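To start, the structure itself, in structure tokens.
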């Protein structure tokens, strides 16, 4: 399974833990200080009712009972488990953290999308707009990403929640002061109910989740994961095309470096009869790990150099930006690559009526501005869907289904 | 009309569009994605009820009806217009955006000031303090301006609204990523109900307003406009002096570079029997465009080098900071200019009892600190009035009169 | 009393005003603009009911009555005082600002701690969680300190209040623009109900408090004060050990430069039968001013080089970080100092069962990670206590006892 562990990183170095530890239950090794819990092992048959999802009163009470030996605490948690309803399909969707796209299967994706549609209908000042009242989200951004941050903060506030913002979280762990990420998380979890974190290092979100006693959402960790982007992409396809089984998707542009298209390809493999076309300049072709993975899952794929032909067949043309910063000093290669596959009026002309153009944004000129006015230009709706997906995830992590 | 098009810029280059397009209605060229609308043309006889001012439920519904052809949409908007109440004086004040001081005439200024006085009286936790509950304002600042940003954010929160903050919006449109302002606006409008924008380029706010389907407030765009500052200045004069017709105003300091005094002169021309005195060092004298404009409007003005004499006659002494950054390497000229006209106790001594000293802040030493204690020192009250003007504008743009 | 004036600074230069002006009443020298008040003098027998603690309606009304001569205003304030209840123990706790640890005596510390315990019990969406609804706190940070800022902002929001954030407040007073701190404060107090301020200059918070008509909380001013840290340390000892009289405290690490341990030593001197051990590398020993002060107050103290022996006797082992930045180019000295006294499992082994390890955070490796799981590791609980102390202070300053 080494292949899939590197699916979301473009290099095999620093690869993540093996897939079988990806879904895990939380073993309650609670320190008296903050009920910090450690993720470990894997057990399909054991699901704990997450302590932090209890009404805050109970959680607070527990925090105050200091000096209980670790052993006593585990017992206490066990009692909690016994009180939980018996395991059911519903329990499968228990969300503790959102760390990587791989943690979601087809059923849980469908369930999250259903919630996203519900929160989409929430009207200003309706009761629904207050379901996260009293909850506090900390956006702990070690590198700025205004777009992602505002999307999460809007999501929280649209549901009545409050936000603590930081875009200079590097200060916490500056070389000079040298605090570990784990210590920072233990401090911030004292101030908030959920942490949305962006980090420059692959795997940082997982480390945070292992430490934290409150839910962590990964808003991007280096070249690694950006799971909420992957979710909103799949959600947008379902919304725009009306289905996920049997669709044809053209992935266009920088397929080597874009974590977005890699995650998307991975998630699409969870659906039936999907066909994927890769259309990219030679220097940024889709890597073999994804191709092998798709093949192993029985997903049809092919590479093409003919954008027009692909566009005429597809339900979704997913365009991406050629990332200049990946080319270093080879500006000539960059210039050649960026001009090669442009989605313009000509592409629209061959696309089917029901098909859509998507893009993770920001775009440069890989989609011409005259495309914007066409109903099939779905990329700004796609960005808006990011709001609904994040509202859904915040709701699920904080107050449950 | 070339003169007035450059009234608010200190150079004629990069001047704004001709005045006749300044007031405009919104032609609904709605793309299915976000009801984005384009401002164009000018018609005094046509006022549309702004779609975005409808209860959010209706607007949401509309956003969800994808795939309607552009033509259908326009028809649909037309129906909306037919349902609107018949045109009246009240309709004249329909505010869509706040882009430049020129968009306001005497009547609308008076009406805004009336609202400003009302919001000033709102008490903590009274019903009035919740009139913007559920609304979300995004402060999209491409350059930091903490003072202006905090004033807007305070205004929004004092009315029960919520805020998404960014002071590093340049990241959106960084050279590396190269996103256009228009794309950024289309993304942010998906997260918020109103955008307060500060930009380093003259005309940026207008471009944003053309793109956005939600209201835009210009919080300063380069050397161009800072309309809420202009409004709070006029409001302060009315509050402090008790009238605007028949007043005498001394504009002192850097009259060449300060957009504040240029805007103020322009707005004062809308009132009767106003007399304006220009008192400034030679190198930063008021430019001819404003003088010509005042003359064309029948506003009396004169230049003077005698601050004491002017101060003794005026109702308002409006002092400004000599902006060092405008002098480049001519530090000698700067030093000469900055020390020339200081408002101090001596100036106060000759001022009339009812007159006031104003300043847009921050100040250096062009007003001495011993003036602060005098009741006629109005500049901190002026800053506070900025809060009320912004509360009024937010209310008007989001929930109407 | 020169000693105590330098207690909280590590050098005698730039020392603060003499202790007898530390507690002071506010003399109402109100300017019509903003009821700004000046602290001056000292009088144990006079306590004013702080005007700003009146219901906002009254305060607003007063702000609107411009043009009252300063003399009239003072009279008006005097009337206010007459209406106040007669002086009692309760009145002694009237909090106007939180500027330095010295302003608190044993009684007021106890009273604040009692409130801290009460706010700790406030549950989500209970009435208690809304006691600061409608209040607006501005965090005016001239240097970033994300940890402290988030703690204050969380405290405000946990009580239903709202926040205006700035971490780049230096812009206000940039060399280019040159605004004074006083002018900035006068502007910001127009937008908010309380200012939490962090500054790079010792004494800045006091200057702000003298200017402001609303409460100021010092969140650290240069090498000077960080009173809320001092309070949360004492609060944590009381919570963890159960008492303050008769305790034994080992202060470990950088005792020369850490303002935390200096403040703590000072505050501990207010309690009975306290014994303090200083354990530090030679280059960062506790300075004589604190030792002399403790002696003068009858507090027993001794220096030791044996951490194990001290740890075995103490109720509290208060570890601190050796601050690399204080050593300049003497990296060798730093390396020697930092490795000398580490709290690890061996130290835990000799500590008493009821004793605790504290640390102001962030830590490097002066406490090993394996200590974290021990119930006696109190440092993350200590950080959390900062939240409760700040909630208590915000409540007291804004709505009183």
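Here the chain labels run A, B and C in written order, and each chain numbers its own residues starting at 1.
The rule is short, and it goes like this: a contact is a pair of C-beta atoms (placed from the backbone, for glycine too) under 8 Å apart; a residue touches a chain by one contact, two chains touch by 3 or more.
Predicted model only: the values in this text are computed from it and were never measured.
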Copy-to-copy rotation for chain B and chain C - C-alpha atoms, rounded to a multiple of 5°:
120
Counting residue numbers used by both copies over all numbers at the interface, does the chain A-chain B contact come out same (over half shared) or different (under half)?
different
CA centroids of chain A and chain B: separation to the nearest Å works out as 40
Multi-chain contact sites of chain C, meaning residues that touch two or more partners:
165
Spell out the residues on chain C that touch chain B in their complex, using ranges where they run on.
29, 31-34, 55-57, 60, 64, 66-70, 133-136, 138, 162, 164-166, 168-169, 171-172, 176-180, 182-184, 186-188, 190-192
Chain B touches which residues of chain A in the complex?
120-121, 123-125, 129, 144-147, 149-151, 153-154, 157-158, 165, 167, 321, 324-325, 361-364, 369, 372-373, 375, 377-378, 380-381, 383-384, 387
